[in-house]
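What follows is subunit A paired twice: with subunit B in the first complex and subunit C in the second.
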Partner chain A sequence: MRTFTVRRARFIALCLLPGVVFVVLFTYYPMVRGAVIAFQRYNLFDLTSTPFTGLENFRAVLAEDRFWTALRNTGTWVAVSLFFQFFLGFGLALLLRRHFRGRGLYQAWVFFPWAMSGFLIGLLWRWMFNGQFGVVNDLLLKAGLIEERIGFLASPGWAMTSVIVANIWYGVTFFAIMIMAALQSVPGELYEAAAVDGASRLRRFWHVTLPHIRPTLALIVLLRIIWILNFPDLIYAMTGGGPAGSTDIITTFLIQQVIGGDYGRAGAVGLLILALLLAFSIFYLNATRFEKAR
Partner chain B sequence: MRRLGTVAKVVVLGAWLLITLFPLYWIVVTSLKPKPEIFSVPLRYWPANVTFEHYAELFEFADFGTYLLNSLLVSLVAAAVVTAVGVLGGYTLARFAFPGRGALMLAFLVTQMIPLFIALGPLYLLMSDLDLLNRLAGLMLVYVAMLVPFSTIIMRGFYERVPVALEEAAQVDGASRLAAMVRVVIPVMLPGIAATFIFAFVQCWNELFLAITFIDSEDSKTIPVAMNSFITQYDIDWGSMAAATVVSVVPTLVLFAAIRRYIVEGLTAGAVKG
Partner chain C sequence: MRNPVLAATAAVVTLMFAGCGSGSSGSPDEIRLRMIESLTGPERTKLIKSLIADFERANPGVTVELISPPLDSADQKITQILQTKKGLDVLEVRDHTAKSFSNNGWLAELPTTGWPGWQDLTELAQKKAVEVGGKAYLIPYGFYQRTLFYRTDFGMTAPPATWQELYEAGRKMTSGDRYGYSFRGGKGGADYAVMMISAYNGDALNPEKSFYLKDKRTIFSTPEATQALDLFVKIFKETSPPDSVSWGYPEMVQGFTSGVTGMLIQDPEVIKTVEESGVTAWSTAPIPKGPTGYAYQPVGYAGWGVTSFSEHPKEAVKLVQFLSEAKQSIAFAKGNSLIPISRQAQSDPQFSQGAWKAYLQAQQDPKQVITIRPVDYPGWSQFLVDSDRDIQALITGKKTTAEVLKAWDTFWVDQAKKVS
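And then the complex of A and B:
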């Protein structure tokens, strides 16, 4: 039917060209160059010579205590944020699952953090967690939960908790909406059949709903893990990684290297992040597929 | 028992709504309080004396008007280009099977997993080579590249919902492929196109790390860059910061509300299908 294949090929090429050019020039080219720079001595403030130094940058990064602290913090940041976002989101999704009057309006209101950037959210919570004039301290005092004000962002012990609280606040709604969509994808006949068999609500949830949405949940969780790990914006605005590196995660560490002008080391950190993401994704996909087969 | 369940549900949903909205309320209230009231204990949950002085300061001393215009210009142009490129690319990905299509989709998807700030250093060098540092045009180019994969993938999804028969009918009637696309398919997709545009706009409006790396001069600061430079000073002037937050979030809030349905659909369709 469509015989003018040369014309068609030209049409396809013309349509795709702009997008491909942009992505190659401003995404893939810098990434490749960053990978090369990782093996060079490359400091923005001294570009007179940029010799290849092999694994020197990697060695320097791995020798820094701050890197290992950041790596450990990344684990805490991702795991704790994810845990609460997932379970609170799941609960909210179950409550929102059935239609009720005003559900659309409710969703519109609880969705608003998604119009904000991580940077703005960081600023918002930085102010709320302020040691002297912060509203969080004030509310806790009023409720009698604490005796005196806490320097949430000034004390290394509290800072990580504080940034995680802000992150949970941000992410719960997202999880809720994704999980709600997954729940609604379960065919109604499955429930009817289970109900005819006399299964209780809990059993229906466990034996019908959960197996059906498990692949979707597995995917959502993987995407969120990658996303939370790659989300330095909020921490950057709230604490800048401090105090004393206690809220540094691997991506805020990377940004500090860039701001410091050491592009060689920044490249090395970038490659380490990529390797970490790749290794984790492969491991995770294997693990969840294994689950599914069982 | 049933009644109890309903009450519990309303309480939990109400509590979550309160937790979600309170920070927004708090920043608005802060922005309306005179300075002594912001920095005084006990805290006032309702401003005793409403003032707009922080908003006035932003525009008088911080030159916020320029930043607003810069942000507006960058976001509008970048979002328009992103949407146009997505409309073109998405069409071919949805309608033709051609060698390399799978590879291209993968190449686009991968960029969504890896944040662009991993290449922040080399991007700076590239901008410097092209003499685009401190220029809004440079920021636009990078933002377009950042958002093109997303817009192309989303557009492909929208095209796939439009029956091919619709354009074939137009082509049988003698319209060229392009004419069929412009006159028959695009009108059907207008809501989706608008949603993509708004989403891209909000992303550009909010972007921080690329902007603070490339932009340093007062004339070409965008709002996030300007706000970031408020922080680096020793003391944050929370009154101005609160006002700046409100000014920068209100437009995106309105736009987001307009396309919320499509965002939710887009997000969930992608995840549930996979």
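And then the complex of A and C:
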């Protein structure tokens, strides 16, 4: 019996080994290396001398106005994107839950954006929002909603709105997929029982659906916050963080450090992002756990 | 190995690393070179592949695997590969990566003696090949020199010769949905501001270290720099589409070919694009000058180099030399609308007629000066990122001319201390 257990454990370890090796090599090693670099003078221009400089990179980053601007922009980017993605996604999931002809095809069409690369989506939206040649301006002009073209990516206020609109378009489908899956997990008997008790549709939603899917919602909201914050692709392709840093978020700021060749500073920004997300996740998980316990 | 866990571990690790090796070959006699390009594009990649095929035919037993990463992240990819010091033999080296790549010991010095192709290279090509530390770390494949494109159907009879004239001509053209100038406010926009500031500094500028004057001050510290940058803002505000605050290369060219703008300053590769766009009423001229009659611009270039850790250095050098010889290099320059590196190209009609004439005119004008930018200073890459943001801040009114120039002056004064 004992031999069987040991053999089984070995077999499981063997099966897990390739995965572990990959994760260590391609996730943990770069992560640790990046963390070490954050404490070094690591400029691409001259890698022959990379001395440890303590907290110097962190000091330099925190002293930059651009970092704080990017941090504020990150708050707007995440909060507004998340709000609309969540509610529109929820609405879409409720619609798609119903049975209607061609539902499968419609679902595939709706979920299509999620299968595309963020950078590519950024490029597409960049042309669509182009002030001179973009289709958005053309449509608005033809519809008589505007009298002259809007420089969507040219003015700081419009630029942030434009990248957020593109992000909402992209992320709605994620919420729709996840919420639809959660909705399908609610047992039908609960609805039947509520109907017998004379509960209205709204009360059924509020007292049956929502409590049942709340843990899933809490988790996907957390995941999405992390992903939106770590999603510079779209902004980078659409505006490059401009004009004048008005669409810079903390991760596009990191990319600029890399392009500037200062890997030490980029490492420091990376660690700051990690610390921020870690602190937020702990707070969020504690808050949602408290909610559950109550 | 009797322990199955250990055996499996060894197998997994071996399998994983088997794919990471470099220069591995199918048969013992076959030599496989790995080559990476940086400025990728579908047509260009096709052309390189056809040249590689010619090389493979001329060198049986040698095969070349071309890696073509996406344009936007290519240089970062190349840097990452170079840091591992394996798996790469030939690479595209650009003017702004040459110094850091050689500093870090990633590039091999290429032999120039005993190779007949060297004598066929133009003086400029020879000069740029050894620009970093006097050693040939790359052989350029062509040059990017800017010229002024203008639409003759926009009512312009003669091209503007100065920046002031460009501004005035641009204002005349601007009305309704039509604008005078394809302004670059996005990535690379600061380069145009620097070009104007350089021109306004006139003969006080040191062309060998073009961010500095002959008296060692920076070009950003003078009253002329303020004049230039003020005019730069006026050109944006009064002659260019408001949207051009975020325009990069594709939008600038699209603006010109679609009839939104009447003037454009760009590299020669645009000649081909404009020709193919169907626009017929257009011409080119040398870039505008400053009030003292000087125009300055660096000549952008890139070329082929060999890694210092190549497992097949002899064949890798052979490939670079093959690509740099007259037949191949002229084909490459034609295919990409580049100023060629071969002396033999001077007799080629393509490079002496039509839109190319402006380049010849510029070359013959002693006041159209080719400069050397401080790409070898440690802060160069950082400046490229920061200065573009400063330009956007300037044209959107978030910063003043004085603030931008002060920041740039401080930066380059500091850089000068680091280098000396």
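Here, the second predicted complex is superposed on the first by the 276 of 294 C-alpha atoms of A that agree within 3 Å, B and C clash if a C-alpha of one lies under 4 Å from a C-alpha of the other, contacts with A are read in each partner's own complex, and residues count from 1 in each chain.
In the analysis below, a residue touches a chain if its C-beta (ideal position, glycine included) is under 8 Å from a C-beta of that chain, and two chains touch if they have at least 3 such contacts.
These numbers come from a predicted model, not from an experiment.
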Exercise. Using the overlay on subunit A, decide if subunit B and subunit C clash or can fit next to each other.
Key: clash
Exercise. Considering only touches as defined above, state whether A:E192 meets subunit B (first), subunit C (second), both or neither.
Key: neither
Quiz prompt | subunit B versus subunit C as contact partner of A:Q256, first or second or both or neither | solution = second
Practice problem: Considering only touches as defined above, state whether A:T48 meets subunit B (first), subunit C (second), both or neither. | Solution: second
Practice problem: Figure out whether A:P243 sits in contact with subunit B (first) or subunit C (second), or with both, or with neither. | Solution: second
Self-check item: subunit B versus subunit C as contact partner of A:F112, first or second or both or neither
Solution: first
Exercise. Examine A:P156 and indicate which partner it touches, taking first as subunit B and second as subunit C; both and neither are also allowed.
Key: second
Quiz prompt | Which superposed partner A:E64 touches (first subunit B, second subunit C, both, neither) | solution = neither
Quiz prompt | Which of subunit B and subunit C A:Q132 touches, first, second, both or neither | solution = both
Practice problem: Check the contacts made with subunit A and report whether subunit B or subunit C touches more of its residues. | Solution: B
Exercise. State which residues of subunit A lie in both footprints, the one left by subunit B and the one left by subunit C.
Key: 14, 18, 22, 25, 44, 119, 130, 132-133, 258
Quiz item: Given the complex with subunit A, which residues does subunit B contribute to the contact?
Solution: 9, 12-13, 16-17, 19-21, 23-24, 26-27, 30, 38-43, 85-86, 88-89, 91-93, 96, 98, 104, 107-108, 111, 113-126, 141-142, 144-146, 148-149, 152, 177-178, 202, 206-209, 213, 224, 227-228, 231, 236, 238, 241-242, 245, 248-249, 252-253, 255-257, 260, 263-264, 267-268, 271-272, 274
Quiz item: Can you name the residues of subunit C that touch subunit A in the complex?
Solution: 4-5, 8-9, 12-13, 16, 72, 76, 79, 83, 99-100, 103-105, 177, 185-187, 241-246, 251, 254-255, 258, 260, 378, 380-382, 384-386, 388-389, 392-393, 396, 398-399
Quiz prompt | Interface residues, subunit A side, partner subunit C - complex | solution = 10, 13-14, 17-18, 21-22, 25, 43-48, 66, 119, 130-133, 149, 151-156, 159, 239-245, 256, 258-262
Practice problem: Within their complex, state which residues of subunit A touch subunit B. | Solution: 8-9, 11-12, 14-16, 18-20, 22-23, 25-31, 33-34, 37, 42, 44, 91-92, 95-96, 106-120, 123-128, 130, 132-133, 135, 138, 169, 172-174, 177-178, 181-182, 185, 216, 219-220, 223, 226, 230, 232-233, 236-237, 251, 254-255, 258, 263, 266-267, 270, 273-274, 277
